[in-house]
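This structure is in structure tokens; I'll ask about it shortly.
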């Protein structure tokens, strides 16, 4: 039996040599996902004081509570950014270790400075949700329990880090929101104010998407790229659509391509597959289901 | 450096004044999401004794186990309902604090009385899942691991609370199930017996949807409202479709509108976008994909 | 008040008799979902050493780390398989208890032997993801944070157990991945190398699906069966499509039926609903959205 | 380095063979200390309802709360007793496995029946503490925070198990109390009503000690055996003193020997070393410190 | 079997009526021991910044860290004090509920104001430990790991609360330290600066003890009261000794009585039993062990 | 109110300046007590395989289990030793940072090499406990639940680290055992084989104590130094007694002084205060309690 165990172990060890891409033996730690999620939660508490804290946030202590939360965010974000800058960044192969950690500190600080701006945007998103959803009880309920607002909050945080050139961490953040909500917004997307996602499961918003103000998007909508087998060659190229102000996109619609523009105020019906631009103000839909008896033996 | 920290803190504090909608400083606690989820878990243990308990449920102690779980549910649900009734309920602005907590107690009690009824419905849902899924191993597997059954269980609990006029809590419950399963059923929806959801990710069932008995729905189906920019004015109006008995709806289909009725026994093919009624017994589908070479440069 | 409590308890106890399908009083434990997830996590650490470990995996200890993780997996998987074999397996009604636990041990061992093979497949999956996604930073990011890779990892583990005839556990594993990622791959599906799922939310891949090498699938794609009301009679019959090598399927497309074959190198556009075969090399799409003004009063 | 690790591991493995007394490789689990402590805590909640529960114990649910706690205690105590009976019990070498588990069930039941009797004794102990300590605020404080009451509670529980012939578990219980309070009462000791221990650190009460009613003992008191190098030959012999009713023993006193009797109503001063009997009613003390200049250079 | 369980439950329920002193059914919660210990830990972090924090305390954030910790202490201490004032306080039977909570707030505030004073005293205690213990590595080690310093820290905190008239909480605090260290200092004791306890296990310092500056006490020392059977009548009377400045008391010594005074600079040898005063400057010891052959059969 | 909070915070901040000895603001972390205790627990599992592990230790995996535990110990002990060497070590003021961490690695390795020797000693200690205690059920019980064996195990580990020149960590280890058991053995003490501590609470064994083989010590025994006010000047001097082979010391006895030798085979009665040597083979005791009526009004 002991012999058997030894054989199992050895076979596995050998496979680490054959497929070394998938092992990181003797390399430093990857980023810490748990800490990154904790950072997110702390920032969310700073953004919406009193909503997610475990006890009442009292005004005579608010200053200290915020300061202490900033301390946690500043310390840990700085550490994670340092790691991220040091791992796999080809463009920075010449950086000395110390320059990297200087950068991390500066980036962290700039991020913290952007918190009021993030709050400003989120304020408009919450407004849009309340205006757009008859089922909403009040704005507190929206902040407290709407998955769309959660996903957009995480996106807005991750987007600021993305703008500051932080690799990997923003994506880990939005993948966290993706896992919780089924809404996958790439941190690189550029999204305006008063953005409302209803229900949201299955939404994909690609890296080079541009979205204006007052846009409303339903579950299952894809703002994607046309597929390619030469993925890495397209890095950085605009591959995802542009959605102008006041557009509404119904559930299940797919809009693809970097040149595809949905013009101001357009409304796109559900389940559409769109690879060309739509002019401003137009309301389009797939032609209403052409009813037909579906043949075949698929039922009894 | 200390000065810098102070500046950061102050800028954030100021932003609380500008965008006060998004802060609850000095206000009492919101509802406790963790406790509400724990309540759900306890009710699920009462509904399906022996499935989710950490050890064998023995008949000589079953009475005490149920009693003790009821105690937890009764105590905590009562407290959460009291909070919910007191927060933002415009229609109850005249209520004295004490009347609110009387109400909470009565509502809690009525809810507990409805547990056997919930079990009766869930029994039919499990039957429907077993009959409808060739991949099902046995009914135990269905209860133990099917996301559809989880989502419907949570919905049936939340629906009873919704009927008793409890605000916010039912929605927090169904959003929890939404996050776990990708299935978003509004607590207000009215759903008959023998309801089966297969796979389920991306399903949305709106607040005023009405669903009959023996209905079967696949992943990605939306039973939604037509969008509007004047959301809050439509509060309470029937905005979502009616699905009659024995209807099957294939994956990815969107059905919208309060006047849209899918008649008894109809079958709706996948990926359809439907905003008009479909007669009973009819089997409809989008016309089979009209094949065409897709143009463009999206693939080398 | 005490009387009231007693009445509540008794009504619930009675409902256990009426709907006994949904109770397991006095029966042994079900499988332990938490342990099964822990087993998955340990296997994932063995598959990708250094990625998910809490500290650096050093080569001078790697042997012991793997051995210790194997010990955990071997011990607990063995126990869970024993339980699974003993519960509700009609085909094994003649088995003595001891034969069952012999089987469990042998199955566990064979599973552990397949770990290097699983690694080999996953290596190709990670390659495919890197080649197919311009937004990917490096392969580390893919392993560390892509939901598609997570879902495929869990599927590849569950599939091996499925091939060894283990009931229920593989499904619990893939339902776990389903809950985290929104990607629902049945453990029975047969999937080739270099498989890439992008974004992934809403994907369903049915039990008897067959997928070749170098296949790429986007979010919201269903590879399903045509629905039926006589589910259990179709147990084991091929009900899901065959996808040959080098096929790409865009988001939101539904492909149904056991006889449906998507030929080598075909590309299927998004939002299609396909119930017939598509020849090799063909690129098909739903005819581009036939624009039309959508009627009705849904948007004033 | 890998070689080094291997050498370290092997040297340790070899030492397991040389000193096998200290290893239990391939043997079943020892008793579970954590579970035994949890059992203790549950029994303490049953003994003092409302003192150690996390929320108010309401009379309308008390029955269910007690029943559920009994279920935990009955199930787990039974399991631990089964293990204890099966491990190293020489006197039971002829027992079949199944007889052991029958015994365990019967013993557990008899123990549960003794709970009211334990409560009766503890009631008198609490009274004695209140009467004897001017610093006591009220009886609630005594139950809630006096280490003496904690140690005596654990002893009274362990003693009942000892009387029922359970090996090892009672000792694990009293060693737990010993660790928390510094009070070491052997479960075999026989202690009357109205027993009060003040402060308590350092108290040792040996296995064959007999203590009457209304006895009061201070910190640092030893009721011990005279030492011996042939320990195991004295197993079962009365080796510890007898303390009759109404005796008070001041701090730091050592009383040794199985024939030593402290008569009714005697008072023993502090720091005494007593190996002979003391008659009833006598108040004795070490002769008051004969003052002298202590020589030596220990304090310059 | 079900019948048996019912019988067990009922017997226990009946015993709650017979011995009601030991039950708190339907009464509000007792104080929360876990929270009180957490409060202690937070105060300890405020008293010794950087010693017990999980990460480096940086000067640019120190203000916020202290503020946030104060918030926790202020909020929770206030709540616990309110409860303590409301439970069993005979002298306050006429207090309205609201007056009680006003008192609690004021008391809490006054306690927080005393933190710098507590630090001042502890500073001298740490100095005394360093000067008195050749085995001390440095003052950091003393603060970090000496049980005597831990016990004195807790005492100094509890003593301030005692002076402010808070019932029960100070005792719960010192009993916590007692359990950890074996050192039992009553919160009512009055202890000067530069106080050093070495080793400490078994030390008891009673409620009305008075200790001067530069006093050094070893393990096993009791500063106690003469025992009494009419405990509660002596409430408030000085029953414990007075130890003047610069006194050293060796291990195991017992000093009893409210009139007993150990004069300035006296040294008391170990294992003494003292019930009369000792003059200043005197060095006393029990007469050196008068050697004798100990008779009896205790050693072969 | 906000003003008040600010004032409180500022007063505390100021006190950090006045009493800076007691703050470590802006300094690196102290040692991590939790990790050190975890290291201890892992070593204890290596020393006694199968006793403290949560599941059966199977021989076919034992090698990996030990290896993995070593990995944890080696990694973390190394880190803690590095910190300890770097903090406050005067004798190493010239060390470069990197030399320190080289030292740490070497020390850690030497410590790991000493594990078999520690096992050899503990084997004899367990034997001595079994031979000396008639109340012992078997050797398993002794290892599993005797506080004396726990304290000696921790001492033997700490002593090896002490011999290797590691500062602070050994003391933190023995203070942990002190807190659990009330037994305070300084890591510097030199203790032979077959050492048995019974009950143990209150035992103190000083830094320069030397103890031979087959020594047996009871609760409350102090092997201490004569006190001094010039503590730090005596650093390193032999200040504690020498106990030769086969000595027994009864409970409560205090033996002081670096020149005090208790000769081979001597027996020291309880409650003695000894500052001079005792010859080999002699059995001494305090003269039996000279009975007298104790005066005073302490007992009416």
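As written, the chains take the letters A, B, C, D, E and F, and residue 1 is the first residue of each chain.
Everything that follows uses one rule, which is that contacts are C-beta pairs under 8 Å (C-beta built on N, C-alpha and C of every residue); 3 or more make two chains touch, one makes a residue touch a chain.
A quick note: this is a predicted structure, and the numbers were derived from the prediction, not measured.
Participant: For D-F, find its twin among A-E, A-B or A-F: the pair where over half of the contact pairs carry the same residue numbers.
Facilitator: Matching more than half of the contact pairs of D-F: A-B.
Participant: Could you tell me which pair, E-F or C-F, is linked by more C-beta pairs in contact?
Facilitator: So, comparing the two chain pairs, more contacts are at E-F.
Participant: Between chain B and chain C, tell me the centre distance in angstrom, where each centre is the average of that chain's C-alpha atoms.
Facilitator: The computed centroid separation for chain B versus chain C comes out at 24 Å.
Participant: Just give me the whole-number Å value for how far the CA centre of chain C lies from that of chain D.
Facilitator: A distance of 53 Å separates the two centres.
Participant: Counting only Cα atoms for the centres, state how far chain B is from chain F in Å.
Facilitator: 59
Participant: Where in chain B do residues touch two or more other chains at once?
Facilitator: Only 4-5, 9, 55, 58-59, 61, 63-64, 66-67, 70, 182, 201-202, 220, 227-230, 252, 256, 267, 269, 271-272, 275, 285-286, 294, 299 qualify.
Participant: Touching chain D in the complex: which residues of chain E?
Facilitator: Contacts found on chain E: 4-5, 8-9, 11-16, 18-19, 21-31, 33, 87-88, 167-168, 171-172, 175, 178-179, 182, 184, 186, 188, 201-202, 204, 206-207, 220, 222, 224-225, 227-237, 239, 248, 252-254, 256, 267, 269, 271-276, 278, 282-287, 294, 296-300.
Participant: Where on chain C does chain F make contact in their complex?
Facilitator: Residues in contact with chain F: 55, 58, 61, 63-68, 70-71, 74-75.
Participant: Which residues of chain E touch chain B once you look at their complex with the stated criterion?
Facilitator: Residue positions touching the partner: 1-2, 4-5, 9, 59-61, 63-64.
Participant: What residues on chain B touch chain C, complex-wise?
Facilitator: Interface residues on the chain B side: 46-51, 55-59, 62-63, 66-67, 70, 109, 112-113, 115-116, 119-120, 122-123, 126-127, 130-141, 143-147, 180-182, 199, 201-202, 216, 218-220, 226-230, 248, 250-252, 256-257, 267, 269-272, 275, 285-286, 288-294, 299.
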